[in-house]
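Scrolling down, you'll hit the structures one after another.
Two complexes are shown next, each including chain A; its partner changes from chain B in the first to chain C in the second.
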Partner chain A sequence: MLPLSSRLGALVIVALLAAGCEGGQPLYEAGLKDEAFGKFAGRASASDEAARPALSAEEVDRFIRLENIRPEERPPIESDEAGVWLIADRAEASVRREADRIRDAELNSYVHGNVCKLAGAYCSSVRSYVVRVPTFNASMSPNGMMMVHTGLLLRAGNEAEMNAVLGHEIGHFLRRHSVQRQRMIAQTKSTLAWLSFAVALVGGSLNLMDLSSTIGIANVMAYERDHEREADGYGLRMLFDQGYDPRAASQIWSRLIREKEKAGEQRRFNPMLATHPAPQERMAVLGEIGNALAPRMSAMELGRRKHLSMILPRRHMWIEDEIRLNDLKHADALLDVLIEDGVNLGELYYYKGEAYRKQGSKEKLEKALEFYDQAIGRNGTPDRLHKAKGLVLARLERNAEAIEALEKYLALVPEDPDAALLRSQIESIRKKVGNS
Partner chain B sequence: MPCPRMSRFVLAMLGCILLAACETQHFLADPNLDLSRTNPAILVFPIDATLAELTAGGSLEINALWTQQAEGFADEALRKHLLGLGGKFVEIKSAHFDEASLAKVSHLVLMHSTVSAAISRHKYEWSEALPTHEGRFDWWLGQSGQAIIERTGARYGLFISVRDSYAGPGRVMLIVSASLLLGVYVPGGRQEGQASLVDLSDGRVVWFNRLSREAGDLRTSAGAEETVKTLLTGFPARKP
Partner chain C sequence: MSGGWKAGLSAAVLLVFLAGCTRYQLAEPRLYNFENHYLFKTRTAWNTTSEYRAVMWTKSGEILDALYFFEPTPNGQSPFAPESQEKFPPFRTNMTVLDLRDFLTTSLSNIKALDIEYQSAKPIKLGQTDAHRFDFTYRRKSRLEMRGIALLAIHDHHLYFVLFMAESSHYYGALIGEVEEILASLRVPAKAKS
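What follows is the complex of A and B.
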């Protein structure tokens, strides 16, 4: 038990540190009000009665105040920011050699074309790399290196949804969030160090320090979540400026939430540890602002056709990466959400079958067969479905059907490298049937 | 608690004193290795240096200017030192390499950074020692060195990396205040360096040295010379 004076001291510290609590919804609108970023502000906020009063710089940057980075600006070499860039430059050099980096020129130029469109004057400052990683994510380095995961491209239903995320990442870059974060953490840690010195000087308890460093960490996390909100707002702003449906930002979150719910992956939001605001908050706030912006646009697009023309020929690889994670609930949920989207259902049901086939139990194999049958006759069904189906039927000892499926496959794809193996398997099934 | 706070403190202090006494300790894969007999060409990879300022709270803020200058000082110091040893040294120039062999170089550099981190951890931290490596020093980077031999004619590769930190004004104030008013020791900057010599023909790390100390300064050319010299203590090449 702490002595009374220490507890009082702890309360004072709690009060002081918690004063820097989160900025909440208004931060999402910071990007919409940012005149430094370009043409938007003059076009919309001045004439908009519904617009909330613009945020002052103090409200946006409660700890570290920084101007937006300028196009093609590099921080001066003696600055702390140059150090942050140095590490990012080194990381970029290794990303260039990364085995997981996708070197498909067409796909990279599609993504980078969108980055450029959104970034405007910052186009030449931002370099995007598509990397083969099965998670819904993209990341931004302080030096302008953007990494776009294939898991994001797979889940975005259209260009507008993808661009909501790309714009968010550009927002991190131009608001210089990395260096802000480094300064914030250094300041918090230094404050805590001096605080612990002061506490030790008056013979105070070390428990007090544990408490205040916990609050310090929570405070840094709250600060990071504010950056996410601000970046979300910039993403929205860029959608609006480029004539994309601003409601797409909310929609991609709604997709992700549906996927997490189906997979049973919904975790409780932890204000001490969460680096990002809860997806529900982002969906709701971005939806609200997007709905308010949409009526002000004379024309807007989703860019679905273009997006699908890039994604559909490639997504089989990315779906396979997700299935390879060997988490059936995860794959099942992802595929269900893609099925709701309704394109090339034959391919998606085939992969549902594959996710179940990988599990191997009799029950799962039977389920796999159901999905294969749902796939047949729909768009995008791959020929190799018949091979998978034949192998499952053989495992289930439904011999006649297995032979039929495998023969059908060999008729469709006679040049399969496994053709000889499959033929010998057909023979051995025949023998087994003949012997019994 | 098996060991009361005071005696743990004494143990830690003793440990510090022992460590300070022998700030480098090197390993040789083959105790008889002496390059001065065959005098093979050694390829020197660019020094990987990172210099940072230690803030009052213990954050490390990378300093790009110091880092850039330190790379220059350390390269110069290394060249001088190696010339003094009288060996044949080849500097890496990207002109030697086409795209495919450059990828092999990158691969070797990446592999080296992982393996040298493992050596540093398992050969120097007694609590992390691997039973299977007891009394042995055998670490390998694989075959990607072959392409480098073909391009440069060098048989060995020398890798050097240094992480250097310096107490900033805030940290210095904290160190002084804590020692004067509380009698408490607050650590300042550190220098952590690694040097390894790799046989490019089979990827074996034939010599390795580590530096870990609260001294050294790569921000000056004299400091860089001292660091390079200390880091290359025991280097198995011709003596001056």
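What follows is the complex of A and C.
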């Protein structure tokens, strides 16, 4: 076996090779320059369209490796692509039945309305499902099934930011990334099999075969990262076409980076095995392109008011889902980023208190009280803050204040289903005080 | 070697392998004392197995019905998982009844229970020990509707926790009579081991 230093050296070379194979910034621009998509997309204005960069013949050869799927096209049954679609069709049938699919008609209509606006003639080919999952994510299946996590809706500060991600997912669909990836894997496996055979024939060592397989994996991952870059570019293109501020594509990444930094998640980017480009790269490149595009647009919007009108009435449920993950650093960081956005701060400070209350140690309970106090008097503070505050005070044995807070809550919400429990809690505190 | 002998040997080897796969044991109808933490009796046989910090009883398999008796959990730990699995909230000895319900909700959410709703919460006694009973419903991701009962008691600085969950359209109704008998007989001994 090769010594450790040699193996590490080989891995570094592989990483560099894989990184060298990646498309970089031009791939982010491929979507903007895609004439084929332009035929089916609704456009903001003719003058904006003229401002969009064009793809050179050389770039067509380099980046358009497979034609876009056409609106309402279904791959022929004998094709490898049809197999991928059939698997996705089966997955979609189960997604439709699942309990975490959100059946809120108004929210689904809002999200799908945006998908349709962005997708243009592809509208009927893409079906969106909002799922109650507290993570920043959306996904696209090869058959046009898009899953949108509530964690994404919670974090997007406006319609433009949300649409940058929805457009990215539509980009995966129309560029047929799933089948491209499947073909790439098959090709890589075949090449590696022949390579291993050749190595064995000449009496080569197993280490060489291991190395070739590592190169293969790195190559597939680099290919996937290129798809992500390309899809990001389509997201940007769709913002541009529909008159949204193209800088929003970078801003949503900036939010996510801030959240991860606040949570102390300093994950190092793995240049060999990462399935997506680093968020910092996406923020920087999308920002650069967005900044160049914005001045060329005749008008643009963020769609913040409409977005908030859909998100705010539902936000409490999604924040509760995040808090239930029971990861205080994560919840604290998310709430801090939402607080920076400045909407309904009373609700956000209340939930900061809740995240700390769930941890239950004396120190965390005291911190919870600080956040409840910060919430009071601000917009969106829920009445149940007094209930939570009373329970925290009871646990800290600040009995008179606990009784006061719980009684205040019962005066505000006498019909609370927990009213009987709260009254018995007040009685037991009184008894305790009387006995002491 | 005759063919019959070979077949017999193969069957024996297969049985040995299958025995290795056996997870459940039979719990005969009788009085039980789980390490002096829980005393109760049952009048029919159940299948039983141990999981992390709990003994689980079931009639039809744990997806359809399960009755868990959790080991007493000390302050700062979760009955559901080791401390390393931080997604489960820690139990605290100073929890109020509503904190216990929140603790239950968060814990169940982290075993993929969705849309948890409480039908009732009431104080009960497990022998001499004060406890709380929560009746609730939830859905699995597959949309299977479930019903459950949780009994929680803070005793001797530990959480005593018994949980029954069953599919609601048939299994809950089929078992609830017997489960109620078990729960009615349940005692937490006054001098519990910790």
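One rule holds in what follows: the second predicted complex is superposed on the first by the 390 of 436 C-alpha atoms of A that agree within 3 Å, B and C clash if a C-alpha of one lies under 4 Å from a C-alpha of the other, contacts with A are read in each partner's own complex, and residues count from 1 in each chain.
One rule holds for everything that comes next: contacts are C-beta pairs under 8 Å (C-beta built on N, C-alpha and C of every residue); 3 or more make two chains touch, one makes a residue touch a chain.
Nothing here was measured: the structure is a model prediction, and the numbers come from that model.
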Chain B versus chain C as contact partner of A:Q182, first or second or both or neither: first
Which superposed partner A:R97 touches (first chain B, second chain C, both, neither): both
Touched partner set for A:P313, first chain B, second chain C, both or neither: neither
Which superposed partner A:I87 touches (first chain B, second chain C, both, neither): first
Partner chain(s) touched by A:G113 [first = chain B, second = chain C, both, neither]: neither
First (chain B), second (chain C), both or neither touched by A:W194: first
Partner chain(s) touched by A:Q425 [first = chain B, second = chain C, both, neither]: second
Overlap of the chain B and chain C footprints on chain A, listed as residue numbers: 97
Residues of chain B defined as touching chain A within the complex: 50, 52, 55-59, 61-65, 67-68, 103, 106-107, 110, 170, 174, 177-178, 181-182, 184
Residue ranges of chain A touching chain B (in the complex, touch as defined): 77-80, 82-87, 94, 97, 182, 185-194, 197, 200-201
Complex contact set, residues of chain A against chain C: 97-100, 132, 321, 324-327, 358-361, 387, 391, 394-395, 417-418, 421-422, 424-425
Complex contacts: residues of chain C adjacent to chain A: 76, 86-90, 92, 94-99, 102, 105-106, 109-110, 114-115, 118, 121, 123, 139-143
